[in-house]
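Structures given as structure tokens follow.
What follows is a pair of complexes built around chain A, which joins chain B in one and chain C in the other.
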Partner chain A sequence: MNFNDYKIKNDPQTAAYKALEKAKAVQGKLNAVVSYVDPQARLDELKEIEPNGKMHGIPIVLKDNVNTKGILTTAGSRILGNYIAQYDATIVEKLNAAGAVLIAKSSLDEFGMGGTNLSAATGPVYNPYDLSRMSGGSSGGSAVLVASGVVPFAIGSDTGDSVRKPASFNGVVGFKPTYGRISRYGIIPYASSLDHVAFFTRNVADAATSLEVLAGRDDRDMTSLDLPVEPYRDRLNADLAGKKIGILTNVLDAIHDPEILSMFNGLIAKLKERGAEIVEIEMNQDLLSAILPTYYIIANAEATANHSNLDGLRFGVQKDGDDVDEVMTNSRTAGFGKLIRKRFVIGSYALFVENQDKLFRKAQKVRRLIVEDLKKALSEVDGLIAPAAANVAPKLNDTSLDQLSSTYLIAENFMVMGNFSGCPSITVPLGYKDGLPVGVNLTCNLYDEQTTLDLALAIEQATGLSDQIKEVA
Partner chain B sequence: MKQYEPEYFKTLAKQLRFSLSDTEAKDIADEFGILLDQMRLLDKIDTEGVLEMVYPIEAETSFMREDEIGHTFTVEEAMANAPRKAKDHFVTVKVVG
Partner chain C sequence: MKYETVIGIEIHCELKTATKMFSPAPVSFAKHPNSCVNEIDLAHPGTLPSLNKNAVRQAIKACAALNLRIDPLIRFDRKNYYYPDLSKGFQITQQFHPIGSEGFVMIPSSQGEKKVRINRLHMEEDTAKQFHYATETWIDYNRAGTPLVEIVSEPDMRNAEEAVAYVEKLRAILYYLGVSDVKMEEGSLRCDINISLRHEGSGEYGVKTEIKNLNSLNNIKIAIEAEVQRQSALLDSGEGIQQATRRYDDVAKTTVLMRKKEGSVDYKYFPEPNIPPVRLSQSWIQEIIDTLPELPEARYARYLSIGLSEYDAKILTQNKDLSDFYDEVLKFTKHSKIAANWCISEVLAVIDPLLLFTSRNKLTPENLATMINGIQDGIISSKQAKEVFPHMISGEPFAEVVERFGLKQVSDTDGLLVIIEETLDQQPQSVIDFHNGKDRALGFIVGQVMKKTKGQANPALTNKLVFEALQKRKP
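After this line comes the complex of A and B, so read on.
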């Protein structure tokens, strides 16, 4: 059911409580919710305003790294296990103004630092299509709550594909607009030069409406873009005549699953039939192979600095100690999960004076070269596409992929280019392999969300895969 | 202490104000080889004369504003999540004897 169906078929009260009931019903299987939110106060507020908001009465979920006044906000970490936010993030104010009704906060990899959702303090999130598989992360809770029909919209955050990859694994739309397009004020950070607010819907038209609600300059976020918010939904146009789409061949060469490749080639044939000019684009292989280590160095170094304020002294869970140093050490040891502590160690390693030139600054320079190569590719086309992952969602304990292979380094991680560059990037459903969803990713030029949505709509029409829901019995 | 031995990572963790168990330190040491191999992929790339890229959009987005009170927190809000407090102060264990 899309936004318009919700508005036609449900009054806000019924919609909110049905969604809340369903979230509770699937929790035992999906483990996607950190906190339920009583929607009544919000529903009472809604009665006092005109029902013409773009998301009036739409039940929604927020990733639990979004500050929500008076509501537990953990960022998926034990150290914030008792943290009650004292203010609303800008996006919460915008969603409220549009008439949305929050029913739950969703699980994430701790502080968004992961791609599996296995590191959440509340435990793994399970894939509704196969409960023995992962949701993907870090916005796994939000992804599966949209995929399983609980809500038609959920907020995520995307630092290195954390919305676009779980969108692929769960058969939904995952959209990360241009860096700065949506304010990050009130989002608990991971890596500030890469963090984007992003979101899940079940169709491209709803993604366009959602962007209209969320976008816009915010003086409280110094990276916020001062650009007008366009009527993206009204302007949606799936006509491919005159459109040039580039296939990123490095990614295809790194995928070895014939079914995924066949699905992708089938889509390309349909896009050609619809009038698109298709060209092959080959980027510099060495640069693409360096995406993951570049990301790892920059993201972990920024995270190490960002999270140094989590000391258990002024907020968060405090553990006893004989002096201030010991209180901080004990609080952080108990408060951070194993994976996060590992990432902080790596980040710190890259920031050591003796490593700063060799690793941190080198990574920042390589980032520029990757972005320049991406922009060169995008200068020749309207959008670049490739399968969003090398395969379907892995089993929870699957570590079989060779971490130096091109499949791992490129096919599983190329979408990080969207974070390096800030370019708008969207994943939409491509098809199913053995009943499990696979997505296709599209990346377009900076600031050009309209073309991103237009091409995504054309893909959605070509596949016929909109409004996909996997009911969890 | 040899670099990339478990003790090395324990020392790094201590500087970051947390501890690693023996098993955790050994796991990081074991995995670090792969990570170094991945990091070496950067060495293949000539970055001579290339400027660091710090933010994806390098246009100016910050500006000077009028010196007016905007969003503020009350003392109660600022201290609402303090584990220990007394009046308007955070309370910690003694810093000096």
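After this line comes the complex of A and C, so read on.
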């Protein structure tokens, strides 16, 4: 069911309570919800306004790192386990103005720092296609609530590939527009220069509509783009004639699963049939292999500073101590998970004055080089395409993948280029392997969300995979 | 042993802006604790900084007046440290690219005018205020996020007088610019003094200490002198100086150790990712420079040019609010010297200069000017003016006070002559006494005339007319 079906088939009241009911029904299996939100006040407000909002009456879910005034907002961490947000994020205001109805806040890796959703304070989120597998992260809760048919739209955030990767694992659309296209004001950060507001839908047309709702300049976010919001949905055009798509060969070379490769090649053949010109693009292999370490340094350095506000003094869970310093230390020690503390140590280490040249500043330089190489590749094509993951969602306890292999370094992490560069990037369903979904990723030029959505729509039509739902109840 | 003192000064100055450096919360002093804060000042999760354009404007004004080179590309960095008064756990500052660099000011010194170089001026945000009690610490976040500039001098000062002159000069300039209210006692201007000694003639610097908590010019002077003495004694005795931060103790009139500096703290500075570099247009910068207000030196020169004494010019210039008031008075009178006298003596004696342009002050510049013109035009005497003035302070117009008390001088020659002749007729003995050389007789007759006119006769005119009339009655 897409947005229009929702509007036609349900009044907002029914839609919201059906979604809430379903969220509760699947919670025992998926563990995707951090808190349910009583939609009645919002529904009463909706009765007072014209039903012409772009998301009027659409039940939605927000990742729990989105500030919602008066509602528990934990960012998946113990230290914010009692935190009631004091204000609404800009996107919450925009979603409200469009008529959306919030029904739940979803689980995430602690502060969005992870790709598995295993580090959430509320425990792992399970994949609706196979409950013994992970949802992926960090926006795992949002991904599975869209995939399992609870809501047709959920907000996530994408710092490495935290929306685009779980989209692949759960057979839904995950879209991260250009950096600055959607305001970050009110999103509890991970790493400011890499954080993007992104979202899940079940089809490309809904993604286009959603972008119209969420995009736009916000004076509260100085990195927000001062560009007009375009009618992406009305302009959607799946015609591939004259379109040039580049296959990222480095990624394909790093994928060894024949089924994934054959699905991908099948798609490429269909895109050619539809008139697209397909070229092979090879990026600098050394630079691509450096993506993950570069990301680790920059993201964790920014994160360690970004989370220094969490000291238990003004908000959050406070632990006792003999003096103020001890209160801060005790609150932070008890409040953060082990993985987060490890990342803070790495980030701090990279920022030590004696290490900055060889770590932090070097990482910034490598980031620039990677972005230059990506832009060079994109200058020749309308979009770059590759499978969004080397394989289907891993088992919860699967640690078999060699973290120094190109499969891991490149195939599993190349989408971070979208965060380094800020380029718009979308994952749409590619197909199923043994009943488990796999996605395909498309990255386009900066500010060109229209082409991103157009090509994504063409892919969606080629695969025939839209509005996929995996019932688990 | 003879040592040369080397002094460098860091000044933190709160900018006068309606809102904070990176948040729309109001900046205000003396409000109820934690009433001028929002989610950004408290560093609630997810908040982002938005640069206050007016703070940048204020910083540019300061840069221009201090001859600093202005960087049109505004960039900010994070200075990371944990402290209860720092809500974000980092301060947003300009470590790598200060808005202003390489400037100077001229200060008076015992060897005449002296140039003090300024290394940099950068923008940053203030911290919250902590209040420590026996078992609790209370924090007021009203100050958190208040726009600041930090101005760092080169180590160009050689004694306490020069240090005081430098701070005085900067205070005056920043106040004239309207950039800050520069109140040391309230902390809107704070000085850290770096001080070291070296053998005279030595080209190298000695080990320095930094003195904090200096809340008046007088304390700066005493603290430096005490610290020079302390360091000299240590050097004389062969002990070295330990690099440290010291605090001035107002009661003991000496500096006390706050913390030793064992290597410097690593603040892990890195560029602030939430504020992209902002390119200022050259025309915007130029417009600010072109519309800079008059600075103290220019005003002093202007006063000399309109005939004020150096003393009056200095007193007025040192007190900008009074001087602004004086300038307003000058719009309504051409008698600049008398107006200056009135402002410096009478106005200053009864009205706090800070209140001159508030609704609590009822004395308008125009009313004062009207009175000064009245004195010069002979409408009232200077003596009468002293009686009139207190009523004008409570807001009564000059003309009304004069009317109400019947103070108007009689300067009508014909009218006075009638009264004088009448008086002389009544006092023949005085006429005789006058011609016998008794000067007192003149004064007596004048007194009688004043009495008859109820004091409204113009004394100088009366004196002249009585003298002439007596001459005519020579027996």
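The rule is simple: the second predicted complex is superposed on the first by the 473 of 473 C-alpha atoms of A that agree within 3 Å, B and C clash if a C-alpha of one lies under 4 Å from a C-alpha of the other, contacts with A are read in each partner's own complex, and residues count from 1 in each chain.
Operating definition for what follows: a contact is a pair of C-beta atoms (placed from the backbone, for glycine too) under 8 Å apart; a residue touches a chain by one contact, two chains touch by 3 or more.
These numbers were taken from a predicted model, which means no experiment stands behind them.
Judged by the touch definition given at the top, the superposed model places A:225 against chain B, while chain C stays out of reach. In the superposition on chain A, A:188 makes contact with chain C only, not with chain B. Contact comparison for chain A: of chain B and chain C, B touches the greater number of residues.
Contact with chain B, but none with chain C, is seen for A:362 once the two complexes are overlaid on the shared chain. Of the two partner chains placed by superposition, chain B and chain C are both touched by A:324.
In the superposed model, A:67 lies in contact with chain C only, and not with chain B. Residue contacts after overlaying the shared chain place A:351 against chain C, while chain B stays out of touching range.
By the touch criterion defined above, A:75 reaches chain C but does not reach chain B. In the superposition on chain A, A:312 makes contact with chain B only, not with chain C.
In the superposition on chain A, A:87 makes contact with both chain B and chain C.
Comparing the two complexes, residues 83, 86-87, 193, 219-220, 222-223, 304, 311, 313-315, 323-325, 328, 348 of chain A contact chain B in one case and chain C in the other.
Considering their complex, residues 39, 42-51, 78, 80, 82, 84, 87-90, 137, 139, 266, 268-270, 273-276 of chain C touch chain A. Across the interface of their complex, chain A is touched by residues 9, 12-20, 24, 27-28, 31, 34-35, 37-39, 41-42, 44-45, 47, 50-57, 61-62, 65, 70-71, 73, 77-78, 80-84, 90, 92-95 of chain B. Here chain A touches chain C in the complex through residues 65-67, 73, 75, 80, 83, 85-87, 89, 184-189, 191-193, 219-223, 301-302, 304-305, 307-311, 313-315, 323-325, 328, 348, 351-353, 356, 360, going by the rule given at the top. Contact residues of chain A toward chain B in the complex are 82-84, 86-87, 178-180, 193-194, 219-220, 222-226, 286-287, 289-290, 292-294, 296-297, 304, 311-318, 321-325, 327-329, 332-333, 336, 338, 341-342, 344-346, 348-349, 359, 361-369, 371, 403-404, 409, 419-422, 446.
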